[in-house]
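Below, chain A partners chain B and then partners chain C, in two separate complexes.
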Partner chain A sequence: MRRLGLGGWVGLSLVLAFVLIAIAAPWLYPGDPQDRVGRALIWPFEDPALPFGTDRLGRDLAAGIAHGTRVSLLVGFAAAAAAITIGVVVGSLAGYLGGLIDDALMRLTDTVQTIPGFVLALALVAVLGAGVGTVILAIAVSSWTGTARIVRAEVSSWRERDLVLACRAMGMGHGEILFRQILPNIAAPVIVLASVVVAVAILVESALSFLGFGDPSLISWGAMVAEGRGLLRRAWYVAAVPGAAIVVVVVAISLAGDALTRALDPRRG
Partner chain B sequence: MSLLQIDQLSVRFGATMALDSLSLAIAAGETLALVGESGSGKSTAALAIAGLLSHQATVTGTIRFDGQALTDWRGVRQGGIAMVFQDAMSALNPVHRIGAQVVEALRLPRAEQRVAAARFLDQVGLPQPERLVDAYPHELSGGMRQRVGIAIAVAQNPRLLIADEPTTALDVTIQAQILALLRDLKARLGLSLLLVTHDLGVVAETADRVAVLYAGCLMELAPAAALFTSPHHPYTQGLLEARPPFGTQAPMLAELVEIPGQLPRLDPPPAGCRFAARCDRADQRCRAEQPVLRPIADTLVACHHA
Partner chain C sequence: MKPGQLGQVVRRRLAHAVPVLLVVALATFGLLKLAPGDAVDVLIATGGGGDAALAADLRRAYGLDQPWPAQLAHYLWRLVQLDLGYSFVHNRPVSHLIWERLPVSLLLMASATAFAVGFGIVLGVSAGQTPGGWRDRLILSVGLVLYAMPSFWVGLMLILIFAVKLALFPVGGFETAASDLTGIARVLDIAWHAVLPTVALALLFVSVYLRLMRAGVVEVASADFVRTARAKGVGATRILWAHVARNALLPVVAMVGVQAATLLGGAVVIESVFSLPGLGRLAYDSVLARDLVVLLGLLLTSAVIVIAINTVVDLVVAALDPRVVAR
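Up next is the complex of A and B:
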């Protein structure tokens, strides 16, 4: 944790802040964030109790942002964890085993990759029905391919090193060589990718709920932007506040990912 | 009795005959050098002995180690044979600390690892071993890394150490140090050493006996001194003439005699002597009939004309 740099500290602090808001939302804004709290369209900072103002139906935007953080982060991290897991398993099996298994897995990866990710996610949600679980699944299924390709390339280049021979000469099994010797070496690119996948997953979730494919029972930033869309001329802040939240969290996650890569790599003094 | 006895060992990769009926023995405490150019089969032989051949390889023949036949071509040679690799950077794991890697094979409890690792690092002449156990490979120089590679091999308590081009990736001064270390360890631990190399200088400094391989075949097997003074096989003679002379006034380039041509294709190998196409003494018989090894003085030579 020595050399995070300014961007890294900013990114990590913001991500931590959003995580805290997500955890604390039920205490900060108890009750349903969809409840009316006052007059419609109070501008931000007009009323000190309602720092982000209210929307067309008089709902507190700050409460919506806080509760929406839960959905965005949950979907972002869960979908990214699932996508990275699938990608690492597929990529390392293909890269380590080679041959027919490699061909089969990579053609599968190619096939999934040729389908535009957002369209695939949209189609899955449309077929399976809206819901947090479905959204996570849809994003995971459409975003593991990049990880698989990078992990495969890295693993197959490590596979050729004398390290593998040296480990086998010591009596290590293939599982131990792959998981204890090779995979720790490719943690750096995977962490960068993970941060990108989290950021993209949050964007995709926002886009899905903007289009009305999110979980209807939960408040979400994308749905809030959609709400504000019709009011852009009269009250632009209704769309801009959740929009800004999306931008800030995505940028923060990217900065944190970059900084972690630098901090975790022992080869960079 | 020999520590390692190889009989009629052949290795094929598909149609390619990488190693053809190699028979060799290494005595306890002996250093045997396996010499040849790239593609001669010397590394294949080393990998076969170490049990590290890939699944594409088809192996026939027998290898006996300490009287025991090694039946599994891809099995671990625990407690007997260890290997030192050419490029220690590529054989070490960049994200694990040196100490943990040195004693990896011993499966020690964590508390004992540091002390044991420091002892092995000390044994291969590395300074401040207690500090080095916590270092990562990239913090070490090439020569130090190769010493770590040797420490890893020594930690496995081998009786035969296979060194595959152990000095090729190093500076000349470091090469000499590594060779001295190998000689020293051999004497101290009573090891046998199988040295795979293309560098005749390394051979002259280290080996007791030399096996010259060409295109998968053993061409000449001789005591090191005899090989340098009176090589019998035309290929060995060519190799020795192709060495840059040392300490002469004559310009280097004028002195070098190259062996014309290149290694034959081995899928399948040519009939007759493998070297016939590049040999100035080759005749009809050489191209038709593969020469068998026959003794001349204390040397074995596979040549119709030697």
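Up next is the complex of A and C:
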């Protein structure tokens, strides 16, 4: 575990801290974070009880950040889990079965990579309505392609190795070979990729909610930045603080991902 | 690049594009059918109401009373004729709406790519010269933060610093409104407006390209031909740029194609931040107005743009690298 390095420790601790904040938000800041707690536009550090200050309607920005963590992490992890699942299924089917199915699935992957995920997300919002489910679905359907490619490459390289030949000689079924023998061996690159997908998902969610297409009933960092957009001249911190939260969480996830790369792959040091 | 090669690259890309676009068209048709209500409902809603008999007449007129395979065939046939449908919200054909706004988005994407590739190369070479050194670590850390910053937030912070506080650049817009500028003055005015959006869109990609360039420089630096060049007595600067950087550049150029879809998605957000009248603004307005026909037209157009960018990237790679004979 020494291989994690300073960056890795900082990243993992920050990710853990954000997870704890997300879990504890209802206790840290009970009640609705959209409620008025004081005068409008109190600057950060002006009032020790309101470390990030208040917005145009006197809402506590710190409470918003804490509750917003829930949406960011929920969407980030749920969308990444869905995307990785789709990617692993598509990639392993293509890599293991080969032939026509491989060609068809890879053509599908090419096609999805040709469609800008963000434009697709906007179309899905128009069809299904804004909501946290739409956001997760939109991110999941457009971010599985990288995983599918890597899994396909790894699985097809494992298919011809002695391990798999031995399993087949023992009379093991294809499902068992794929899921119990091959997939555990390629977990490392998939886990590393998962951290990238989580980071991208959090960024995409924030952009969607910035435009006002997030979940209207939930507070989220992107929507908070949008609130501050009209206040740049008078109170720039209203837009700056939630944006900084996004930067910190994404940096933390990237650092943690880099550390996992080193810890899981002894070949790269 | 040999003359015949250009045609070969383009032909291969086009052959690849047809099935891709067909699948995208099937997907957009599926979304159209999935949406509650159809074009006639939208028409009647925007036109201020109508009775069931009128709706039935209109459905027959538009072929919406036919079974869905017939509708699909009709839809595909219209697409082949470059007819993306009609927006009842704007009262204009979708293709006209898109065509008008296309140049703004393409300009933004091109300038952001140029900025990102340029800075990515310089920073990547600078970091890769001494892997593990302080400059390398500093540049990689900067890259990490650039990657983590949401572009819309970067845009707002740039507006705050350079437009609101320092008043060096305009807050938004494509050009100064009602200024009657022509010729070179207008070009300069547009360029002046484009600076902040370009930077806001490009920073994420700077981090992508600088990491690739750095990795390439580190890898190529230990290649035999570099050692040979050094042994021949070639100067360090010439080795760095003519030998190492030139070879490390190829994956960066190839990555521009891979990132094309992400770039277009980013442009959508940035256009909204800087009130630029491009495809992104059209997409934003269409979501608000639930103008699905326009959004699906945009989706198809985006796929075409991404394919076009990839074709250009293929040609550039083939021109840069004589080893790549059109695969």
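The definition used in the following text is that the second predicted complex is superposed on the first by the 261 of 269 C-alpha atoms of A that agree within 3 Å, B and C clash if a C-alpha of one lies under 4 Å from a C-alpha of the other, contacts with A are read in each partner's own complex, and residues count from 1 in each chain.
Heads up, the rule we're going with is that contacts are C-beta pairs under 8 Å (C-beta built on N, C-alpha and C of every residue); 3 or more make two chains touch, one makes a residue touch a chain.
Worth saying up front: this structure is predicted, and the values here are computed from it rather than measured.
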First, second, both or neither for A:222, with chain B first and chain C second: second
A:117 touches, of chain B and chain C: first, second, both or neither? second
Which superposed partner A:77 touches (first chain B, second chain C, both, neither): neither
Contacts of A:165 with chain B and chain C, given as first, second, both or neither: first
Dominant toucher of chain A (residue count), chain B or chain C: C
First, second, both or neither for A:29, with chain B first and chain C second: neither
First (chain B), second (chain C), both or neither touched by A:185: first
Partner chain in contact with A:96 - chain B first, chain C second, else both or neither: neither
Chain B versus chain C as contact partner of A:107, first or second or both or neither: second
Shared chain A surface residues [contacts with chain B and with chain C]: none
Residue numbers on chain A that touch chain C, as the complex places them: 107-108, 110-111, 113-120, 122-127, 199, 203, 206-207, 210-211, 213, 222, 225, 228-229, 232-233, 236, 239-240, 243, 246-248, 250-251, 254-255
Chain B residues within the chain A interface of the complex: 47, 50-52, 76-78, 81-83, 85-87, 90-96, 104-105, 136, 138, 149, 152, 156
Residues on chain A engaged by chain B in the complex (per definition of touch): 161-163, 165-172, 181, 184-185, 187, 266-267
For the chain C and chain A complex, residues of the former touching the latter: 16, 19-20, 23-24, 27-28, 31, 34-35, 144-145, 147-153, 156-157, 159-160, 164, 258, 261-262, 264-266, 268-269, 272, 283-284, 286-287, 290-292, 295-296, 298-299, 302-303, 306-307
